[in-house]
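These are the structures, in structure tokens.
Each of the next two complexes has chain A plus one other chain: chain B in the first, chain C in the second.
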Partner chain A sequence: MNEKPDESVVVIENLTKVFKDFWRRPKVCAVDNISISIKRGEVFGLLGPNGSGKSTTIKVVLGLLHATRGQVRVLGRVPTDVSVKERLGYLPEESHLYLYLTARETLDLYGKLFALEKRIRKERTEQLLEMLGLVDAADRPVGEFSKGMARRIGLAQALINDPDIVILDEPTSGLDPVGCRQVKDLILTLAGRGKTILLCSHLLADVEDVCDRIAILYRGRIRAHGQVSDLLEERDSLRVTMPAMPPGLTQEVLKLLKEKTGTEPALDHPAMDLETFFLDVLKEASARSEPGSRPAGERSVADYLRPGS
Partner chain B sequence: MEAVRQPVCLLLSATCVLLTAIIPMVLMHNLGEDGRIARDSGLAFHLVFGLFISGYAACSSLSREMHSGTAAVVLSKPVDRALFFLAKYAGVTVLVFLFSACACISTLLAERTAERFISNSTLLGYVTDWQTGKMLIGAPFVAFLLAGIINYRWKKSFQSSAFFLLFGCLVVVLLVSGLFDQAGRWAPYSLHIQHRIVPGGILVTLALLVLAAIALAFSTRLSIVPTMTLTGAFFVIGLLSDHWFGKLAAESAVGRCLYGIVPNWQNFWCADYLARGGTIPMGVLWGTAVYALAYTGAVLCLGVLSFRSAEIK
Partner chain C sequence: MFLKTLAIASLTVRSAVRSRLLICLLVILFVVTLGIPLSVRGDGTALSEVKILLLYTLGTGSVILGLATLWASCSAVSHEVEHKQIRTVVVKPVGPYLLWFGKWIGIVILDAVLLLLMGLLTYALLFMSLRSAGSEPEDLGTINSQVLTARRLFLPKEVDLSSEVHRTVDELKRTGQMPEDVSEEETMQLIYRRLRARRTTVAPGASLSWEFDTQGLNTSRGSLFLRYRIGSSIGGSRQITGTWRVDAGKNGDSFNTGPIPMADGRHLIEIPASTISPGGNVTVRFENAAKGSSRTVIFHGDNHLELLAPAGGFLLNMVRSLLVVFCYLVVLAALGVTAGILFSFPVATFAAFSLSSIVLIVGFFAFSSSLTVCDHHDHDHGGGKASVMERVGETMLEGLEMALSPVRGIAPLGRLADGVYVPLWTVVRAVLILGVVCPGILGLLGGYCMSRRELAAN
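What follows is the complex of A and B.
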């Protein structure tokens, strides 16, 4: 299965999913006639409030739910085809793992499901544990993990097979800002390696930071879709960013602009976002308190997930 | 291994061992029937506790995983649904075998503990083997203590360690007990252990495996409570199969059909054969094993078909 770079690896056509009650009567229409096409190497975001049909769509793509109408193709095959799943990685909305297995056993188990060699399983397990900051908790049962830690181990199992398509359902849910940044960086790293990412979230900032294209779902229907930059761009206004000017010069420029355009221009100082500021503070504090130690949030990406590996 | 690590299964197994051990020690004035009562009680505890363990393990390994989302994660990997279903059954089978081994050894030791009439150069009269009884009662506590130490020292799972150690301790008690008579003198092994009980334990184990298959098949579509309820109903109906459908089977095709569909648990209960020093004929053992295999195979096939089309939410 050699895909061309612009080939669609996930194709959803007129998908409708109706859940039925015990008597097989229609109960709720979770997804209503949606069509999406995701190209190789693309980071695609499915946005929407709770109950909008995001997770249902993902589960149909994974072959866990059956479409009521329409069809889904993943890498050109039906999603229930087991061979397709060898190239998928899936992080569910909640990290549903075997509570009595340790983190290391969990990753080894999922590695075995992909029939990975023992040596590779061991290498990847250690790299993922290191990447996600779980080395100290590697031999603790997953059931004892905090939500954030469970999320990290869930992410690790999704990447154990170095998948071509990564499906992430609310990947930053339950993570602290450092973890969120790390996940977003990881998504961008994976995309840089040509991986296709299907991201599902209701955290808009996360989606905006990493997605190339998005679709907004509401009550099972797509309400908007397209390139993030196109959707968010305000074409009837313009922003110019430049180094600070002397006050007199600023007033002259503003006056000139007002005269030429006939509108009142707005002037402000560009501000960094809170996430960047927070991470900078942590980085600084970490470097100050433990000279030589690696600042929080700068753990390396697992070797086998790096570009060129 | 996940099934073995469930605390409920460990607790039920330890309780089964303790109850089996206590019975011969609290019995009084049974006119020489202590051995039979200990044996029948042991087999009954084996069946009843096994019913809960196999049913619960089957439900939690599939139904709970399907509802919690764990199954969704596993089935998003290249795992065939039929294989997943059968692997779940294999996991439950390991648990049932482990539990059954513990229960069966406990029954052997309880029977050995039970009061019996001894007449030899040093003993004359009814004697209870308190030594064996104490060792049997002590086995779960020793297993738990060792599992606690292992958990503290090497951070290994307490539940699975305790389960395997319980089995190990019971084997040790069986060997020690088997090498000494009631007076504490060395005796050739098996002279004082009634191994003829083992086939009875094997039959109960087969019944549990059939029951586990039924519970697992129901789990593909139902949540835990309906699954446990229906499995329990199947158990009760199966106990009364001869009474309800036996006569009907001789009279009509519908009756024959019902008689064939409902598992007949009477086939698996052979305590009567063991009365008055009797043994379970090998023909009965093999016949029941074939019946159990065929029934389990059919139920698992239906379970696979059901699971293939099930939706994993």
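What follows is the complex of A and C.
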């Protein structure tokens, strides 16, 4: 399975998924004849409201559901192929963990399912716990975790095998802004290493921040599909950003623009988004209370997930 | 593959430990092991106390373990499907067959630990009770020779009655007494049953003899025993007088009890080992000494006469018995895991318990040769034909009976409490059929169904 850099690693062709009742009568058509192709190293987002078919599509890609019509190929093989699963990482919509296992035991279990050597399992477990800020809770049962902590350990289990394809279903659900930022940074880091990410979310800002391409689903069908920049770009307007000018000069520039274009130009100060502001506040507070400590949200990425490793 | 199997198995074990199922089972088994000998009363003899400890305690403990095995194995997969943890496991490189195998091994490990603990506790209790009870030396001798031993069981040779049946039929034909409303085949069966019945009754003054093939018998381990079960034609507790004579070996040795009184029920006669020379035939003869009265002696049951010869120690026999019990638990675990893959937890539990019950009931009917549903003919009304439903039921029962026939009669705990040797072949048969073949078939079915099932449909 040596794939070329621009090769499609996930191919969905005319996929239809119809859920049936006990008597095998069609109940609901969750996915209706969709086709998607995801290239290696791409971050692909599946967007849509609840019940639009995002999770169903992901579950078919994972082999958890069977296609009613059409076909799905992952790394050129059927999704249920064990060799495909060796290279997959999956974070479900809810973490679905074994509540009686501790965080460390959980990661060790999933490491064993990939037949990782004990030394590698131990190293990766510690690195992931450190990366996700769960070192202090490593020996607590997962059942005692908050939703955000469970989400983090769910993400860790999806990355324990250093997968080539990472499938994330609502990865930021239940996470605080720090966790959200961290997940998005992680996605970008993984993409930088040539990993393919299939992301499913209804949080549009998250998708916009990290995805190269998106598909918007509604009632099981693709309604829009393409590069994020292409889809969002407003080609009939223009924004110029420059350092602040004296008020008189600003008025002159505006007057000139109005004369030349015949339209009233809009003027405002660029604003940072709330997430960046929030993280800055935390960074500052953290540095003040514990000089020299690493601020929340700036934990390092696990060594084995870093570029070049 | 080993690491993956171990991971899934250890997950199952951890689940049982941390959900306190294991602790709960340990407490129940402890209470059963200690409580049953205190609550069940035998006939007051030390021998019956020991038998109760072995049969009832180990039997009840095994039944509890069997029920717990079915319950735990049904939940092993179905619980994870319902709580969706299975989704994070099946997307890992774990094939459906490996997943089934791992879950099964986990339950089997738990069973092995629990059964071992129960066996050790019973063994310790057995010897502690023998020491502390201050039993009479004579009682201890009886216990040692009849329970804390492993005696090989010899049954009389089957007598070929076919020539006598044919002769009787020919005679009936010659005299024109053949019944017209019954086929010749059925007449032959009736005659065969009547002749067999004659082989279990002894009229006053008459005698009956049986022949035993004692191939493989070892007389160096101590006395042999002749065990028989009788009743009289009058019934009640009135005594019968009879004489047993054992003629054995090439050197013509014989043993004669002389006329001995005997009540209805089961009896044991000790035969000196020197009487029998191994490798030959032993002839046992019973003479009904009740002359002048109408008290016919009837030998009850299929195994109405047995020759018991010491063949080994108790501990090894107990290990073999528990190994057979373990094989039963192994097949129950396989059934439960497969049912858990096919159905939700309540349905899986119901299906597995129902199937086990059907197997037990059919096994019981087949064992007692009472499949009367197979007899279509209504002799009183000139013979009626079976309905379609009866035929379907009959075919199903016959099929199940045929499927069960290899494991029928593997009842190790009864043998252990009776001091009867559990042959190695029985253990091998149990391991092969119950430990390998049945779980193998159920595993293939479970793995296939797992590969076909949509695990994220709910």
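Just so we're on the same page, the second predicted complex is superposed on the first by the 309 of 309 C-alpha atoms of A that agree within 3 Å, B and C clash if a C-alpha of one lies under 4 Å from a C-alpha of the other, contacts with A are read in each partner's own complex, and residues count from 1 in each chain.
Note that a contact is a pair of C-beta atoms (placed from the backbone, for glycine too) under 8 Å apart; a residue touches a chain by one contact, two chains touch by 3 or more.
Just so you know, these numbers come straight off a predicted model, no measurement behind them.
In the model built by aligning both structures on chain A, chain B clashes with chain C. By the touch criterion stated above, A:A156 is placed in contact with neither chain B nor chain C.
Of the two partner chains placed by superposition, chain B and chain C are both touched by A:L97. In the superposed model, A:L134 lies in contact with neither chain B nor chain C.
Of the candidate stretches 202-210, 274-282 or 346-354 in chain C, only 346-354 runs into chain B once the two complexes are overlaid on chain A. On chain A, the surface patch touched by chain B in one complex and by chain C in the other comprises residues 59, 62-66, 82-83, 85-86, 88, 90, 92, 94, 96-98, 100-101, 110, 113-115, 154, 157, 161. Residues 59, 62-66, 82-83, 85-86, 88, 90, 92-94, 96-98, 100-101, 110, 113-115, 139-141, 154, 157, 161, 167 of chain A are the ones touching chain B in the complex. Within the complex formed with chain A, the chain B residues making contact are 1-2, 5-6, 65, 68-70, 72-80, 155, 157, 159-160, 309, 311-313.
Every residue of chain A that touches chain C in the complex is listed here, in rising order: 19, 59, 62-66, 80, 82-83, 85-86, 88, 90, 92, 94, 96-98, 100-101, 105, 109-110, 112-115, 154, 157, 161. Residue ranges of chain C in contact with chain A, taken from their complex: 1, 3-4, 6-8, 11, 14-15, 18-19, 83-85, 87-95, 451, 454-457.
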